[in-house]
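Each structure below is given as structure tokens.
In the two complexes that follow, chain A is the common piece, with chain B as its partner first and chain C second.
On to the complex of A and B.
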């Protein structure tokens, strides 16, 4: 997991270059990402978030001065390998279906004793203000690379969350009448030159879901699924989606289930 | 607190919001649309101009939500078309065509009504997000049909202008559950902006018709 210093500094260089990368309007999103890879190879600045997340995971923090190594993400305390590929899932101790982000919040507040206000202080990073939640998410997600998404929907609450997510996906509202389905229920379509995944099919859902979270070149930030969903709703002209809400988790579960069997490659790079 | 909560739940026709922790949806809601609106409202919060009332659905949005991605039954399609055609207001002065240059700006502008947008600026129409228009603009989307040479192919017969006006004013008047926003009916674009977009489509000097 640890990265040699040479590689880290070149990653920082990539990051700085990436911020000034002109993503020409005449390029499709695939071409822009291909160009990025041509310039930087397989280096992904997401590794910087992963490294910081690993440190946050292993360092004793909070009033109880414990690390997150006893955090149960669904496969037993401290098991992170493959954990993200099986989330969201039902957790007996909280009596809730949780996604990775909301589960991390549970561990930080219950195990480490951190106040929720502190955990939520920076949900999404912005420039110098980096989010611990995004870093921890990157670290845990990377430990699912190569794992196949498995969402069996065994628990009734998981089935209910899936049904809710599906209803939300087709919910049309706002001044523009937009639903998730407006842009994501047909194959081979684009917004401007941005290719749209058809999330109602296995192929489309797998292609999209297995690549989130991602390092966003245009923002210079690592973004998680919670961020991705609330930004889709912003573009739908709807109000702010609450972090860790049943709608956010239901929609994530719906998409994960649609992507069943897909091999996780995240954190990836997006435009 | 608990007593209050359960008495509130008993009064609700729909048990869904109280049935399970975390507001998990019940498996068989009796009124899916009303249920889901309440759940949506509990999961969102106001952000600047994007307020919770935007989650309320009008009849068209409810019917289109229920249809999901399936073909609309003919009777539902007819009903939606009737409801929406009735909302279309022709231009007060009878002039359909405004300034194509301003129309081009509107077609290229993707902002407006998002929580992140400046409400003091005019809203965009974002036509290029979904439509091909000017042959020289290659960064167009494909969710909607190509509108290249729109006016050149159709001319300016009054019936043609009136139909196009209905489509930009309220797309659902002829295309029920269209992906296209109802720009006039929902107050996204002003009457003058709609005229300018119309001119971008129809004016022989507009790049669309070159």
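On to the complex of A and C.
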């Protein structure tokens, strides 16, 4: 039986509507976030973390009662301007390639004499349970605004860390047999309503890397790259990524190198 | 003690443009934690702005304001160099006052 012409076209119309809905919903959610950003103008709640981080950096703390102002983040003791744009890097004193977060841990334990258990007590803050590491990271990263990412990979250990990060990025594992690359090596793809960031091109890596840490509106918290990576491990259904581990630092170094030359704008604001 | 606010106050012609970021959990009292227990309400109820001993703005807030609130308003009668003081009070008896110079 042939359907009357009118209802056929309305059927097609409603099919088209159904097909275009996910796209429309995506635009609305991204537009809503853009609108939210516009409302803030230059203000970003990340500044609250920067303020607290500055205080933590400058206040004498720990059993040794010293501030972190003698902490060497790679550009000499106390130099924070542009330091994040050159991390992760090799540190002679620890004999390790370190990212900012793990380097801050080194300074808090060696300079200030704080026990590691205390430093790691709150890695990722939640409301009143504030993370000193997140606050310090926000403060230090903000001092790299306008600096260009520079990861020369001069030291053999840096090359090795990069190679580790690269191999993890493409290593398929877990119940879905996903690699980071499964979700992050094509543009214009999305999962649920989130656009999947393309991380294997220079432009894509720069757009992503230069904007972390970020204030996550959905959590009302500032999150750092260590958080971003462990959350993607979770999305990939892998075992929990260890904070400051070789894999976390290797992946960070891999992404930073991919973003070479990008201008830091973080802390930014994310959905 | 609660964390400091981040306040900016700048002259825009005749009016003072004020932008404030506050550090606060703004718990609604409607949420449950992982163990199913209600997270007690804890939010800002009152915000006041004072300039030259005059209240230039006062606001009554409820549980539907976002975590780490961003608040902006404008007022007349302030001038460059004047001090502006902002105070909030919350349901748990917490309060915080911060001051800036208008520029």
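Simple rule for what comes next: the second predicted complex is superposed on the first by the 240 of 271 C-alpha atoms of A that agree within 3 Å, B and C clash if a C-alpha of one lies under 4 Å from a C-alpha of the other, contacts with A are read in each partner's own complex, and residues count from 1 in each chain.
The rule is simple: a residue touches a chain if its C-beta (ideal position, glycine included) is under 8 Å from a C-beta of that chain, and two chains touch if they have at least 3 such contacts.
A quick note: this is a predicted structure, and the numbers were derived from the prediction, not measured.
Q: Tell me which partner touches more residues of chain A in the superposed arrangement, chain B or chain C.
A: When the residues of chain A touched by each partner are counted, B comes out ahead.
Q: A:203 in the overlay: touching chain B, chain C, both, or neither? Say first, second, both or neither.
A: neither
Q: For A:220, using the defined touch cut-off, is the partner it touches chain B, chain C, both, or neither? Pick first, second, both or neither.
A: The answer is second: A:220 touches chain C but not chain B.
Q: Counting only touches as set out at the top, which of chain B and chain C does A:128 meet: first, second, both, neither?
A: second
Q: On the A-aligned overlay, A:190 touches which partner chain: chain B = first, chain C = second, or both, or neither?
A: After superposition on chain A, A:190 lies in contact with chain B alone.
Q: Does chain B (first) or chain C (second) touch A:45, or do both, or does neither?
A: second
Q: Could you tell me which stretches of chain A are touched by chain B in one complex and by chain C in the other?
A: none
Q: In the complex, go through chain B and note every residue touching chain A.
A: Chain B residues touching chain A: 20-27, 32, 36, 39-40, 42-47, 50-52, 54-57, 60-61, 64-65, 68-69, 113-116, 128-130, 138-143, 179, 181-182, 186-188.
Q: So in the complex, which bits of chain C are touching chain A?
A: Against chain A, the touching part of chain C is residues 3-4, 6, 8, 19, 21-23, 25-27, 66-68, 70.
Q: Touching residues of chain A toward chain B in the complex: what are they?
A: Interface residues on chain A, with respect to chain B: 25-26, 95-97, 156-157, 159-161, 163-164, 167-168, 170-179, 181-183, 185-186, 188-194, 196, 200, 233-235, 237-242, 245-250.
Q: Touching chain C in the complex: which residues of chain A?
A: Touch list, chain A to chain C: 39-41, 43, 45, 47-48, 51-52, 127-128, 220.
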